[in-house]
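Chain nomenclature is as follows: A, B, C and D, assigned in order of appearance, with residue numbering initiated at 1 for each chain independently.
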Amino acid sequence: MIKAGIFGATGYTGLELVKLLRRHPAADIAFVASQSQAGKTLRDVFPAAPALPLIAGADAPLDAIDVAFLCLPHAAAAETATVALAAGTRVIDLSADFRLRDAATYAHWYAHDHPAPHLLAEAVYGLTEVYRAELPGARLVANPGCYPTSVLLALWPLLRAGLPIAEPIIADSKSGVSGAGRTPTQTSHFVEVADNFSAYKIGRAHRHLPEMEQAIAQWRAAAPALIFSPHLLPVPRGILSTIYVTFEKDVAEADLRDLYTAAYDGEPFVSVLPRGQTAALAHVTHTNRCAIGLTLTGRTLILTSAIDNLIKGAAGQAVQNMNVVFGCDETAGLE
Amino acid sequence: MIKAGIFGATGYTGLELVKLLRRHPAADIAFVASQSQAGKTLRDVFPAAPALPLIAGADAPLDAIDVAFLCLPHAAAAETATVALAAGTRVIDLSADFRLRDAATYAHWYAHDHPAPHLLAEAVYGLTEVYRAELPGARLVANPGCYPTSVLLALWPLLRAGLPIAEPIIADSKSGVSGAGRTPTQTSHFVEVADNFSAYKIGRAHRHLPEMEQAIAQWRAAAPALIFSPHLLPVPRGILSTIYVTFEKDVAEADLRDLYTAAYDGEPFVSVLPRGQTAALAHVTHTNRCAIGLTLTGRTLILTSAIDNLIKGAAGQAVQNMNVVFGCDETAGLE
Amino acid sequence: MIKAGIFGATGYTGLELVKLLRRHPAADIAFVASQSQAGKTLRDVFPAAPALPLIAGADAPLDAIDVAFLCLPHAAAAETATVALAAGTRVIDLSADFRLRDAATYAHWYAHDHPAPHLLAEAVYGLTEVYRAELPGARLVANPGCYPTSVLLALWPLLRAGLPIAEPIIADSKSGVSGAGRTPTQTSHFVEVADNFSAYKIGRAHRHLPEMEQAIAQWRAAAPALIFSPHLLPVPRGILSTIYVTFEKDVAEADLRDLYTAAYDGEPFVSVLPRGQTAALAHVTHTNRCAIGLTLTGRTLILTSAIDNLIKGAAGQAVQNMNVVFGCDETAGLE
Amino acid sequence: MIKAGIFGATGYTGLELVKLLRRHPAADIAFVASQSQAGKTLRDVFPAAPALPLIAGADAPLDAIDVAFLCLPHAAAAETATVALAAGTRVIDLSADFRLRDAATYAHWYAHDHPAPHLLAEAVYGLTEVYRAELPGARLVANPGCYPTSVLLALWPLLRAGLPIAEPIIADSKSGVSGAGRTPTQTSHFVEVADNFSAYKIGRAHRHLPEMEQAIAQWRAAAPALIFSPHLLPVPRGILSTIYVTFEKDVAEADLRDLYTAAYDGEPFVSVLPRGQTAALAHVTHTNRCAIGLTLTGRTLILTSAIDNLIKGAAGQAVQNMNVVFGCDETAGLE
């Protein structure tokens, strides 16, 4: 059995990890840690959760685990990762700390020097379907952001194929409220969110932008620009990204569809929808799936890509990565 | 024109008051005050609100107004009321500070000595339909709580009639989230509220209980006991109370209905629903109305009573009270 | 493996059954049938469902299954049950057809002669925790209604104990919209439900009333009257019943709590909440659990009882019953 | 007083018109008509509405009114318009029947020959801010569609200015459920909509596309192509369109902002948001306002445009048009 420890277990992502790992046939939860709630049980925090005791992160027995999942704020995650790796534990980090390869880019977007720049080169970017080959045995996995997961899985088959794209690519993304975390704020107050819908940090302002740009640049020498417009949906969970890619010349929808079939045929967690269908949150919530729809209009391909932000966009993909790192069946605990 | 000042204008109740008074034909807003947001405009706080400048409560020109509306926390309200009354301004207090007649009861429920006990005797309890005769010219009006408004308007015709009631009366009330105020808390987080429904402070634990008991005791010598069970609804606004009154002997639904018709016939803001209909939030949200349904089952009368907690349960009833205090048409600004 | 057939698979309950049985370690789905959608696949109806072919009920191979789950309208269910039983298949009926023991009561409430009155005596009422002993080997199980499950599990420990109750018992129940089925109606239109909350069929008007009365009468010689007030919550799923039981004399909360511990200690799917806690939908949605809270106020016990109407209130309890009927682990497929 | 008749009063748009006209200082409702509900009152259909008697459209006294508002299905609207105009009544049509100037385009998109092609040339397209000069005294006004109102008000200042635009313009629009009407369908069922979000008829498939293209072609000789992607939001009302316009060369945000200020300065119902702000439904629901935000990213202008689909997108703009047609204050009844 894989022994897992969860740091930051009292956020929405941590809770989802607990649920997934408890039904995982090859993994056990060794401990759940929380800085703010140590001494309570998880059920004290979430009434429907199991009554696992919450310990302080500093007291966590790192020698009792094979893998540490970090559901911590950025910077704190890198510090815990450093300690855990030194103790010989593998780390799957759900924060942003190891997603960006370049410490200067990190410092720019997170207004903070990177706490462990020496680890950046080693981290594997855990977009499982794309970087699967690098995962087995990895010591440090940077679990992708929720928005990037929805956008990048939709773009990858296209971008790696090298079709000439008229800049820029537009990703108009809509996310449920759990994406903003569990700490109460004015913008997550029920009365502000219900019956409302709003855009925020549009254009080139959201921290998930450089993460997407980095992946795109890896896939494509002359990377097209990306415009990213997040919106806040009045739902608890789920992301739908509607993505517009305009080509420089005419393309056939069947040829585009072939690229997606080639990329995702046989993938257990990515569904390319039949012609004429578009993605919806209802396809994917409470699952580790990504559903992708393709609609060609003139020279513009409209991609609709849906995930559950807490599962494929966080805890589920983290478990998927753990499965690959440790050589389990990739779908274990996820179906 | 009646000159009005609003203290605590940046909560949901304050905002609703601003909306109502701006379209009131006989009232003007002289200022809006906020302790925490002074220096900003109301639009900085609520993007759809008018850009009125927010001043500090301490800087409010009391001599420029005829009436002060207090949308302040308890205790703070009593202190501002004292100053405002001393300056010759009438006060309509939307906090709990002047609802309970007895300073000891207040101290018990609010865990705080009453800041102005000498004013308690003077305050008129502003359940307009019941205490209308006491309002003209009143200096100090205690605007009722939202739950009590929905429960008491439903019970008044019955209780004043003196039918023998088997104890206890049960009020099972369900409220939208704005009733808990605008300060972000874990319990008002969208993800905690959406898709959820919960009971809280049931039995004899909620601060609105003594307010209801006080009114019942005024209407009825041997007052039946009251059980009050609040619940949190995943909607922004509205209260529906389902109230069970069991009589000691057989009664006729027609006779009960006559009591309600006698009490509310001609009332502009209370609708007794036709036989067979029960109240719903959709009857009343965004209005100053209270809709009351009557269903007799055996010896138990089931009352359903719906209001908008921010309007008839707060700002609307406050304006209704202002209209009566100043001798305006009672419906001015409310239709 | 238990071979199961699902009739009426394209409603919400049918879909939930498909989900549960597909992950059941000891059961397989042999077919899914639908009168209106035969020829399509389940995914054509629910985009996130598996692509199982939908056959017409009349074409269903009854000899290929061990158990038929009926998610059919009343009357249609009894007719299919008759055929299936004649073919030697066990039947778990999720409709109301075999819940009431008395054909005349059925005819009164359902405005329809019972299609198979000779089977009524044989049907086991599948409130699993209460009637577990009668289930092993049963040919015909009447799966309880969703409201009755939430109310009866809360009342059973109390009623069987014989404490003197002052009539009537009041069950103020609130249900999510899936309880009303998937057929579009004006009352299930999103715009009518969202931001709304309403009572309906209160008092003694809802068809689930006689089902509850029948159970109560079995548990208690002189059965107290029951008042049942259903309400429609703006959530997709979940029922919370707030139940008021007033005793004729003083009781101690600890003694009441002992009754519940005695009844449910060790039960995998019923949780008696700790003192001071009340039930919420968030305790139970997407699970087969029933959470019950106890609050004593004077002589009145306030019970809060929460279930997921589609799982413990329908498909989950049906699987739980199947497990007991066939001698599997009772929790198989349900955790 | 302007005497108004409302045809099709029992839909969401009709109800909203009734509310607006009842508080209009210069208009009276002469009758409300409904084909399906004649003989009932409006309150029978909407419990919170006034108890106006519903008459059959064929019985409507056209000589008693100055203006007929048509909230009818397409084709039916054109037929009623023909009769009403012949009777000397002005017509404000909220259906799609007179929005498209070309009968062949209408026949293509609505799969139906136009019932009154001779009236097409006369109809004024009632996008009030743009076509105000043509409205006074008009006999027939084609009230714009809800999506087109949100998109066109955002594009007009830009397109009439003639800046070189790289094709195509992308309008990613999100609408509340009332936009789909009040007739119950599977897609408007609460359980299908709540917690969900989906794209539909994206690309060039929605009937509002030709309406937008027609306007764009009027404003701009070489019209850029338009891609239109509607989405269904789990809210009752409101539209937010996020619109991407990419220029062929560099532009300055200040210059773009000047175009909007020039277009809308002094407009009572269009607000250009300050720099850095984006539009949200909360800016506009329950009002006749359109809020427009501008964000320049590289050479791409991201417009966010929010309206209430039932008010500025339907009934409110219809009243605004009536005000201009009859020479009233344009804001009468709308603030």
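Operating definition for what follows: a contact is a pair of C-beta atoms (placed from the backbone, for glycine too) under 8 Å apart; a residue touches a chain by one contact, two chains touch by 3 or more.
For reference, the UniProt names are A, B, C, D = N-acetyl-gamma-glutamyl-phosphate reductase.
Values in this document were obtained by computation on a predicted structure and should not be read as measured data.
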{"item": "Interface with more contacting C-beta pairs, comparing C-D to B-D", "value": "C-D"}
{"item": "Maximum centroid distance from chain B, chain identifier (CA atoms)", "value": "A"}
{"item": "Inter-centroid spacing, chain D versus chain B (mean Cα positions, whole Å)", "value": "38"}
{"item": "Chain centre separation (chain C, chain D; CA means) in Å", "value": "46"}
{"item": "Chain D, residues touching no fewer than two other chains", "value": "192, 194-195, 234-237, 280, 282"}
{"item": "Of all residues in chain C, those that touch chain A in their complex", "value": "23, 47-48, 194-195, 277, 280, 282-284, 286-287, 335"}
{"item": "List of chain C residues in touch with chain D within their complex", "value": "12, 176-178, 182, 184-186, 188-195, 234-237"}
{"item": "Residue ranges of chain B in contact with chain C within the complex", "value": "166, 168, 170, 172, 174, 192, 194-200, 202-204, 225, 227, 229, 231, 233-238, 240, 242, 244, 246, 278-282, 285, 293, 295-298, 300, 302, 304"}
